[in-house]
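A, B, C, D, E and F are the chain letters, set down in written order, and residue numbers restart from 1 in every chain.
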Amino acid sequence: RYGLAEDEHQVGVVTGLAYTSVGGDLLQIEALRLPGKGRMKTTGKLGDVMKESIDAASSYVRSISPQIGVKPPKFEKWDIHVHVPEGATPKDGPSAGLAMVTSIVSVLTGIPVRKDIAMTGEVTLRGNALAIGGLKEKLLAALRGGIKTVLIPKENEKDLAELPDNVKSGLEIIPVEHVSEVLKHALIREPEAIEWDEEAEEAAAAALSKSDEKTGAIAH
Amino acid sequence: RYGLAEDEHQVGVVTGLAYTSVGGDLLQIEALRLPGKGRMKTTGKLGDVMKESIDAASSYVRSISPQIGVKPPKFEKWDIHVHVPEGATPKDGPSAGLAMVTSIVSVLTGIPVRKDIAMTGEVTLRGNALAIGGLKEKLLAALRGGIKTVLIPKENEKDLAELPDNVKSGLEIIPVEHVSEVLKHALIREPEAIEWDEEAEEAAAAALSKSDEKTGAIAH
Amino acid sequence: RYGLAEDEHQVGVVTGLAYTSVGGDLLQIEALRLPGKGRMKTTGKLGDVMKESIDAASSYVRSISPQIGVKPPKFEKWDIHVHVPEGATPKDGPSAGLAMVTSIVSVLTGIPVRKDIAMTGEVTLRGNALAIGGLKEKLLAALRGGIKTVLIPKENEKDLAELPDNVKSGLEIIPVEHVSEVLKHALIREPEAIEWDEEAEEAAAAALSKSDEKTGAIAH
Amino acid sequence: RYGLAEDEHQVGVVTGLAYTSVGGDLLQIEALRLPGKGRMKTTGKLGDVMKESIDAASSYVRSISPQIGVKPPKFEKWDIHVHVPEGATPKDGPSAGLAMVTSIVSVLTGIPVRKDIAMTGEVTLRGNALAIGGLKEKLLAALRGGIKTVLIPKENEKDLAELPDNVKSGLEIIPVEHVSEVLKHALIREPEAIEWDEEAEEAAAAALSKSDEKTGAIAH
Amino acid sequence: RYGLAEDEHQVGVVTGLAYTSVGGDLLQIEALRLPGKGRMKTTGKLGDVMKESIDAASSYVRSISPQIGVKPPKFEKWDIHVHVPEGATPKDGPSAGLAMVTSIVSVLTGIPVRKDIAMTGEVTLRGNALAIGGLKEKLLAALRGGIKTVLIPKENEKDLAELPDNVKSGLEIIPVEHVSEVLKHALIREPEAIEWDEEAEEAAAAALSKSDEKTGAIAH
Amino acid sequence: RYGLAEDEHQVGVVTGLAYTSVGGDLLQIEALRLPGKGRMKTTGKLGDVMKESIDAASSYVRSISPQIGVKPPKFEKWDIHVHVPEGATPKDGPSAGLAMVTSIVSVLTGIPVRKDIAMTGEVTLRGNALAIGGLKEKLLAALRGGIKTVLIPKENEKDLAELPDNVKSGLEIIPVEHVSEVLKHALIREPEAIEWDEEAEEAAAAALSKSDEKTGAIAH
């Protein structure tokens, strides 16, 4: 089963694409949300660059949390664990950034990820998609693995010219510029934004606690 | 005694299977639950990949904790120590993942592990079983060590063809796809699930504490 | 798009200039402010010297925080994440110091950075600009990338003589001695200073809390 | 005096046996209990395997603490320091495990260790004794050092055949399977068990604190 | 400007003297005091010995804090950042110890350091000045950099014989035995000592809080 | 002055003896006690073995703290900094253990150390003195440095035979078995013991706080 598209939509499970010395491969990315203290754990023999790309993905997601319906203080009550299976195989590089963002958003919102989609692309702290290497090998692996749709960075659109015809016809290849497009394609429904104004929240909380104190004093 | 099947059902003690340059071997895995603060300690000269597989096993178990009858907040009050004896022998690799999950579940629930069962298989954050290497050598070691039943990943079923007949007849070999099957076979009874709805619990706790406060105020 | 000037003014995004064995390059620096506890996170395969230059930039900004309108206690409630994209490319050296300061000030004040400006220069804990290497290559990269204005350390003014004419005519090159000049040029508007006297604040807070206590006691 | 049996029964001081390239040696192990926060400190140029064997010994002792008369919450109020003198000599390996357990139990209970006993054996998290190497050299060193009784793992009983007669007649050699036997032989008296039921304790504490609160409320 | 004497008296900025394979150099040392929790941060590609000399300097200053007018508890509310610019140049050795002490005292007291003074010398935990190497090269660098006065350890006085005449006539060279002499020469005015008796303070605080409690109880 | 006996009795300053490839040397050891949280800091380019000997010395001193007149809870309110000057010279080995104990006891009790005494010897967690190497070279250095009295481990007494006569007549050499003898010789007066019974103290504190609570309740 491993190395093939998922057989159902799942929360927190995203298919990335790896490029190794022996060709392309599917990369299953799994995130879990656990009760905790805002910590991030990563496992799966990940190199420093991939760990940093998870850090960047995580900070980006925190920065847009009201847009995906998550109140920022919730982050202090959850831990997130990101694992990339086949734990004996070293993995590295920044190109799973978009997949990491998608996985974290899915796990935070509880919205499943489409099962037959894969994606590749570095992500910046603003959610922009940056170019990656090994596009051809990655797309061949996606085709072999039963993937239907692949999201790639718009900066890599120029590399599509050199692809064999069977890849171009067998896959829907969608160039993206930003995480917002990725989430539209990859999640089975869009997260609903909430209002969040930190200063208003703080003021409200302070006022409430003040009136409580006064009431309490009078009651004595 | 070491290198042989356990002589009684024990809580937290699971027999894994190792594959080394000199053949297969039994791998006794021991977990202890101690009063603590949610920390995980691992000893036994374990390599990074094995330590990460314990991390993944632990997060998976936390993610299913209501299903095994453990309220999530309990995790903050316990430490877990996983030790793999013969402390001078280096051990590594992800293939003890299923055994780690079983050991942790046993120690958290207090349900003993069957004494004459062994298991091998990587585990994902969703509890799926992934293929491992050295199946033949591992099964030979299980046979030598007096094991009756061995759980292997379904992905390794194809490797059974090349096994000698005495192994196939001397062992009950059970391919599994998921941790849920492992626990059914390995624990002497099934854990009982509890209801757990974090938000309902939080709401109940908040309501209770609110009414307490009010009562307290009136009583002054 | 990467390697080109930004196409709009953005908060926390600053264009630095790198000097590598294959020539100069634009270096996009991104900072995010997140709810937190005063921690600094850095990613992008940064060497120790670049990380230390971010530390120095951060301490300098904290030391002038009333001048940019930020009350010092706010620092304990925010985390800052500084990321330098193209996560697979190692980056090092102190020459992005002025850009780090600008990025952090922008993200703390919410004031956007001009899109067509780039800068290079080490920064001291007092905000002074120190000389950097590779000026010629950096300015050529700025020109290629569509930058209009480049801030350089005054100590490097002497190196301008050896620049080709097209660089000098194609770029507005502004030598600076201190961060205060950098912020004037790079931010789309100047931060407004606030009054801040730690001891006065402490005294006021203490007095307030004292009178509260007394009132509370009387009310019982 | 160093390298000889102790000249009086002492709390926390246990004689282990080392096996080095130049033969066997006595290994004085010292533990101290200090007011603290549940931390373990180890010194004496100990290798990672010996440090892990101290961790395993410590967890085992915590898991049996009611049996040795120590209430588990006491562990959070003590630090334990284990030191192996001759601080310039590197020491490693798991074979001091039984001695580490004995030393920690002695220091927690305040019961002295017999002065003319030595021991060797790896310990598991369940307190089982595992085989060690260099038995002959270790026993020769014990004899030379004035030791009267040596505890060895039952798994090593088979190696006694090859011992010179003077060793067999000069030492009382006692094979053991489990820590419980070690403590019987090594401590000058047996620890007294206490009742301990964590949930009962928690319930009692909670009830008490509840009734306190109510009383307090009524008294206002 | 870098490598020259400062052009005004500044708080926390001290000129040290470095001795490298290519001769002597001025070493600008900058300290900042920030609201914090008693932490020390050091940057500027400093080697372990230089970092330890900052630790020793810092402890020495804490030990004399009443003498420089700083109440010891203040240390828990400040962080100190010591930076040595030219962040790409490695720096090491203990000879900047006296300069580190001076920089930290200046930043804690707010008293500026004279602009045309430089200093070299290891410092002990008691504030004694110990001998350094490369005196000749350091003094030549001081002369080139426009320094007027240089403080050196008395233990180095014997090395002055071999100095060229222009150095001896161009610089005022002052041998010192102890930090107290350094501060007299380097700060533009002397810090004023305060009374500080920890036990008296604790007793007073305890008495005050006791009487508060009683008053509060009576008021109910 | 460095390398000579101290010229006055000082608190926390002890003269140790080092043995290097170029002969013996005096080793000035300095300890400071600072307001803090029970932390130990060590500086002076110390190797791991010397750092561990400081750890052992520190634990030993804590274990005898009532005997030197220090209530154990005081340790949580102090930090101790141990520094060995000439910060550029690497130092290692366990032989300064007795000197470390003396330095820490002096700084905790405020009792000065005699100025013309030096000492060498490893220390165990029970305060026993263990043999050291390089005795002859160390004693020659003591003589050269103006030391009058040297404490050595009794285990090294046998090495005195091979000493030149001028060393034996020029120094008072005192073999010691235990720290208690060292402190008698090295401190200018003996510390006064206090009564300390942890459980009695806890009980008293608990009773007091109980009665306080009751009084408080009644007063409402």
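Assume a contact is a pair of C-beta atoms (placed from the backbone, for glycine too) under 8 Å apart; a residue touches a chain by one contact, two chains touch by 3 or more.
Keep in mind that this is a model prediction, so the values were computed, not measured.
Visitor: In terms of touching chains, how many steps apart are chain A and chain D, taking the shortest path?
Guide: The distance in steps between these two chains is 2.
Visitor: Among the remaining chains, which ones contact both chain C and chain E?
Guide: Of all the chains present, none is in contact with both chain C and chain E.
Visitor: Tell me the angle, as a multiple of 5 degrees, of the rotation that maps chain A onto chain C over the C-alpha atoms.
Guide: Result for this pair is 60 degrees.
Visitor: What is the distance, in whole Å, between the centres of chain B and chain C, each centre taken as the mean of its C-alpha atoms?
Guide: Inter-chain centre distance comes to 49 Å.
Visitor: Compute the distance, rounded to whole Å, between the mean C-alpha positions of chain E and chain F.
Guide: Roughly 28 Å, centre to centre.
Visitor: Distance from the CA centroid of chain A to that of chain F, rounded to the nearest Å?
Guide: Once rounded, the distance between the two centres reads 57 Å.
Visitor: Which parts of chain C, given as residue numbers and ranges, touch two or more other chains?
Guide: Within chain C, the residues that touch at least two other chains are 220.
Visitor: By the document's touch definition, which label belongs to this structure's chain graph: line, ring, star, complete, or other?
Guide: It is a ring, because the chains touch in a row that closes back on itself.
Visitor: Around the ring, starting with chain A and passing to chain C, what order do all the chains come in?
Guide: A, C, E, F, D, B
Visitor: Touching chain E in the complex: which residues of chain C?
Guide: 48-49, 52-53, 55-56, 59-60, 62-63, 72-73, 75, 93-94, 97, 122, 124-126, 128, 130-131, 155, 177, 198, 217-218, 220
Visitor: Could you pull out which chain C residues touch chain A in their complex?
Guide: On the chain C side, the touching residues are 1-2, 10, 12-13, 28, 30-32, 34-35, 41, 43-45, 81, 83, 85-88, 215-216, 219-220.
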